[in-house]
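Just below is one structure, and these are the notes that go with it.
In order of appearance the chains are A, B, C and D, and numbering begins at 1 in each one.
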Amino acid sequence: MNTKVAIVGASGYAGEELLRILLKHPNVTITCITSRQNAGRQIGEFFPRFVEADLAFSTPDADDIAAKADIAFLALPHGLAAEYAEPLVNKGIKVIDISADFRLRDTNVYKQYYKNDHPAPALLHKAVYGLPELYRDQLKSAQLVACAGCYVTSVLLPMTAMLKAGIIETNGIEAISLSGITGAGRKVDLPYIYPECNESMRPYTVTGHRHLPEMEQELAVAAGVDEVKINFIPHLIPVNRGIHSTILAYAKPGVDDQAALDCLNQAYKNEPFIRILKKGQLADTKHVTMTNFCEIGCAYDKRTNRIIVSSVIDNLTKGASGQAVQIMNIICGYDETTGL
Amino acid sequence: MNTKVAIVGASGYAGEELLRILLKHPNVTITCITSRQNAGRQIGEFFPRFVEADLAFSTPDADDIAAKADIAFLALPHGLAAEYAEPLVNKGIKVIDISADFRLRDTNVYKQYYKNDHPAPALLHKAVYGLPELYRDQLKSAQLVACAGCYVTSVLLPMTAMLKAGIIETNGIEAISLSGITGAGRKVDLPYIYPECNESMRPYTVTGHRHLPEMEQELAVAAGVDEVKINFIPHLIPVNRGIHSTILAYAKPGVDDQAALDCLNQAYKNEPFIRILKKGQLADTKHVTMTNFCEIGCAYDKRTNRIIVSSVIDNLTKGASGQAVQIMNIICGYDETTGL
Amino acid sequence: MNTKVAIVGASGYAGEELLRILLKHPNVTITCITSRQNAGRQIGEFFPRFVEADLAFSTPDADDIAAKADIAFLALPHGLAAEYAEPLVNKGIKVIDISADFRLRDTNVYKQYYKNDHPAPALLHKAVYGLPELYRDQLKSAQLVACAGCYVTSVLLPMTAMLKAGIIETNGIEAISLSGITGAGRKVDLPYIYPECNESMRPYTVTGHRHLPEMEQELAVAAGVDEVKINFIPHLIPVNRGIHSTILAYAKPGVDDQAALDCLNQAYKNEPFIRILKKGQLADTKHVTMTNFCEIGCAYDKRTNRIIVSSVIDNLTKGASGQAVQIMNIICGYDETTGL
Amino acid sequence: MNTKVAIVGASGYAGEELLRILLKHPNVTITCITSRQNAGRQIGEFFPRFVEADLAFSTPDADDIAAKADIAFLALPHGLAAEYAEPLVNKGIKVIDISADFRLRDTNVYKQYYKNDHPAPALLHKAVYGLPELYRDQLKSAQLVACAGCYVTSVLLPMTAMLKAGIIETNGIEAISLSGITGAGRKVDLPYIYPECNESMRPYTVTGHRHLPEMEQELAVAAGVDEVKINFIPHLIPVNRGIHSTILAYAKPGVDDQAALDCLNQAYKNEPFIRILKKGQLADTKHVTMTNFCEIGCAYDKRTNRIIVSSVIDNLTKGASGQAVQIMNIICGYDETTGL
């Protein structure tokens, strides 16, 4: 079995991570990598790590992509992703979009947080939310996948399971997250040069981050309520890769850390990429970097009745490209862990 | 004017930071530095950075210290600090203790969190809590000072001002803190070697950290209530220096970020080491490392009615040794910023 | 096809890297992992990253290892490795030793640099030097392999090819190397804790490092001379992984950077893990970390007649465990890149 | 005594370091800071660390600078520095130039390495080379100072002393240097963003770096010969600050590490910022960061007759702004260590 894939927008960090994974995937041939800025260059000129691969960047073109690939990964900025998703879906190519364009179901919310009208509202009903642990069945036959955001993945995996089980309250959830610098993308801007990040710890967009409505949307679905309101507070930390989310939630009566762990173990006992820690253990990003795992630990503060969740992923793997490949495996009927 | 000082326990990071500051302090002569492990060695053998200083480590001995110094800084582990504080205070030496031994007023709480009976309960009534912005007047004539903890300083400076002003609720406060690795001390243990910390982000002691009761004690004093219960969740981050605390509190009606900033500006308008940011700005540890400043920013999330505080210090300076020197300046009648 | 392997000394960084590679190797079953200190513990207690593997540390015992494994990897300190190599080889187990015990052919040199008599001189004649690019044929049937040292690998790969081709002088070679902190092993010692390494750059053992005689031994073999004397100057750098070696050699008449690159391309045109850069390019450790590649660039300074070589590997992969697995693949007749 | 100073080009890292030092200098008032890009902005908007200072960036203008300042520090790119140096010197302002414009005495060499005609050859005869340990007397009355380059300072301080003493050969000197990322300036470019530098070690410009002719010029002066040819090989390392230079030189007969150390101790016994290590010790950048010190250690390899020098500075302090202030102190007659 072999799947031909295109990576549209292959010159950023999510694109690089797709290349790292897919170049070793036994069932995949990369037939097309695009980059407007680097069109014509051999991959090795831009990514010396992949110089042995016989690939060159081309200018992204929907016809060309459709002619070459069965599945297209979009590793593009939001807004731009939809421009390619639309013709590709229309041509029958399966699209796995790592951008944010098709994650929010409500176009008003999209406009509020992304400051533009939704670029392709007609496609929204086709989009399946790309978090396999929540939407595996729908993903199997999806033609358009909106991969979950990186921060969002680290928060939803533990919290949706607890909300579904009804062991925590829906109000009073707070997610405080830490991200490595690749989370900002391959962005050439003063705040991201080495001396400005190294030996620095700083929060940003502590109200109104774009991942906030995405978290709230899926938490509400899991809780079976119309609306969940949370705080989401991201920080930038001097590591290359990794997200740590500390999430606080009020325990329902009788619930403690062991109950929370039991709930997670029950929910995820068959999941290949979810690792539930033992009582007393907390997550560490270094346990999951360069893997597709989400590692989750729980504590309980009786004094304040707070369940404290510690959840880690690699922002580029389970938070982006690894998740996208996991979804591709589901769509293609490969073992879900192939190449991961 | 000249003050003779001893640094008891000078071989750890707090001791090293005291040396860095005091060797350049115009009104100080360091007459004694002690280290049981390094007794007899020249300072430059252990700290090449200070090789030009003509100092050698001696075995700590209260009589010897009392003979040589007017003021003793104790940079010792808790428990051990009290052993030296007692004879030194009795001999009339002023003691500035960087350890935790005299911070908690309730010996039962001490026992609960430190797992031992308080080592010197008879001295507790003499101890003044060492946070100049809160206790400057008492510090002027203190004979024994219990310097505030590092995390504690970063949390109390913004939160006590808001509690005193009555603009936030006393319940529902959550402090999520990030610390550089020097916060663990000069500890030779597997979790602290470079490859175990680098490219890692991890929480620890998310319930029951020893700085928690200290925070709650002083928050209650500021709020004028018997008890404040908070969550305090520390994380270890791969930087050398710095603490960032993100603190959430429920706003009283009508209070927003501007009101919070106004409150802080009013409270600290004459403080030399407090920097209140402008609306829309958040703190960054790299703005304060190697300084005695606490930098504070505020945001407000109307959706959840949360004031979100971003507060940074250098854990070794304002969080330990810089604060101790600030207090020494107060005690000695020097300008409070001398040498800092 | 399936090979049963033991990892003797699995709790250090080389052991951890063997686990990372071998747990995904399609032709390998790990049947035994040993650690004196951690005997009885599940692997996940010590390495959370591998918790899904069903393995527990046992006390190392030659009989037990021989009963369980076809091939034993020794990731032990020098001296100790020989103690296990001897009985295992006698029992007919193939031994791939990552330590230094069997690298030097001259026991006098061993004694000079390791300060002890050679622990198993009778075995030395059986040992094949474990650098596949130089000794592939002998490795195929080796019963005892002495894997090349990490620094040594980065230096020998470019320099032996040029010496064999006769394009550089044998005198005046200087190797200045930089290593990440995992190169020091999982060593719990003050100089290796995070704050002592971070924001630090320092050389060490600039004369008489133990990798020096190993380099000189193999450079002399390549040059076909009795003796080559070089300088080798290692430095410790705050990264987790990677070695960069800058090597200077005097060019023979008419030789320049292009000639050096041509020589390397010719020598290594069929090698799966050697990457020769283009003229004008220099190596960067980040291109090879977590891979088994050695990346090599060359420059030429006409003014001083120096060929300047820039050579990088991951010290734990091509510098230790990846190389060991490459050798295992050769011994077992698997494709040399399997699992790498 | 008070000196009014201007910092021309205050928005880069050298400018920031000048601000850090001069804002605390007891004899200095900063009367003018310029930045074309940030003209009109308060210093605190750009450097939150200095928000308490009452300073705003202005557009650089020689008349304005001359009206406000006695001494102007130029922290500008080469080429641009000369444009301001010329009118300022003509107006009688003393100029301390941190750029490279006036370091090379030979305009042909300048053109060869900087690819442009020298921008102000008529001023060259007035320029004094800004390395106090070599040119203190001339600096006292200098009107234009060309501060030594950062790498250059780390190499010249040990090597000129040994060449003057005649204990090393003039041929066969090799300088292999490591620099933190601030050495690249506050440059917003892909190779300098955090994820491209972190966990990376790489050489660059290994032939023909612009600091090479500057080193050779001053080494020849010290050796009293027409020409010295060396290799200079710089590397970029993921730390913020610091330069480590490992320098190899052939020992004259009878010379060893102790003789080299004796020579350095003799040469620098009265120097306030030179620290000569003991036999067996090597330098570490972390001993000198945020200080104006140069720390130097020596070893000797009898086998190859190489003196191996390990020399460290902070590239922004002794390598740039600290040295500039040291020179200002000399010019103004202040104690040379004031403010440093």
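Odds and ends about this structure:
Basically, contacts are C-beta pairs under 8 Å (C-beta built on N, C-alpha and C of every residue); 3 or more make two chains touch, one makes a residue touch a chain.
Values in this document were obtained by computation on a predicted structure and should not be read as measured data.
Chains touching both chain C and chain D: A, B. In this assembly, B is the chain whose CA centroid lies farthest from the centroid of chain C. The distance from the centre of chain B to the centre of chain C, with each centre set as the mean of the Cα atoms, comes to 46 Å. Averaged C-alpha coordinates give centres for chain A and chain B that are 39 Å from one another. Per-chain Cα centroids separate chain A from chain C by 37 Å. The multi-chain contact residues of chain B, meaning those touching 2 or more other chains, are 180, 196, 198-199, 238-240, 284, 286. The touching residues of chain D, when paired with chain C in their complex, are 172, 174, 176, 178, 180, 196, 198-204, 206-207, 229-231, 233, 235, 237-242, 244, 246, 248, 282-286, 289, 299-301, 303-304, 306, 308, 310, 312. Interface residues of chain D facing chain A in the complex, by the touch rule stated above, are 13, 180-182, 186-190, 192-199, 238-240.
Chain contact summary for the complex, chain D toward chain B: residues 48-49, 51-52, 199, 275, 277, 281, 284, 286-288, 290-291, 295.
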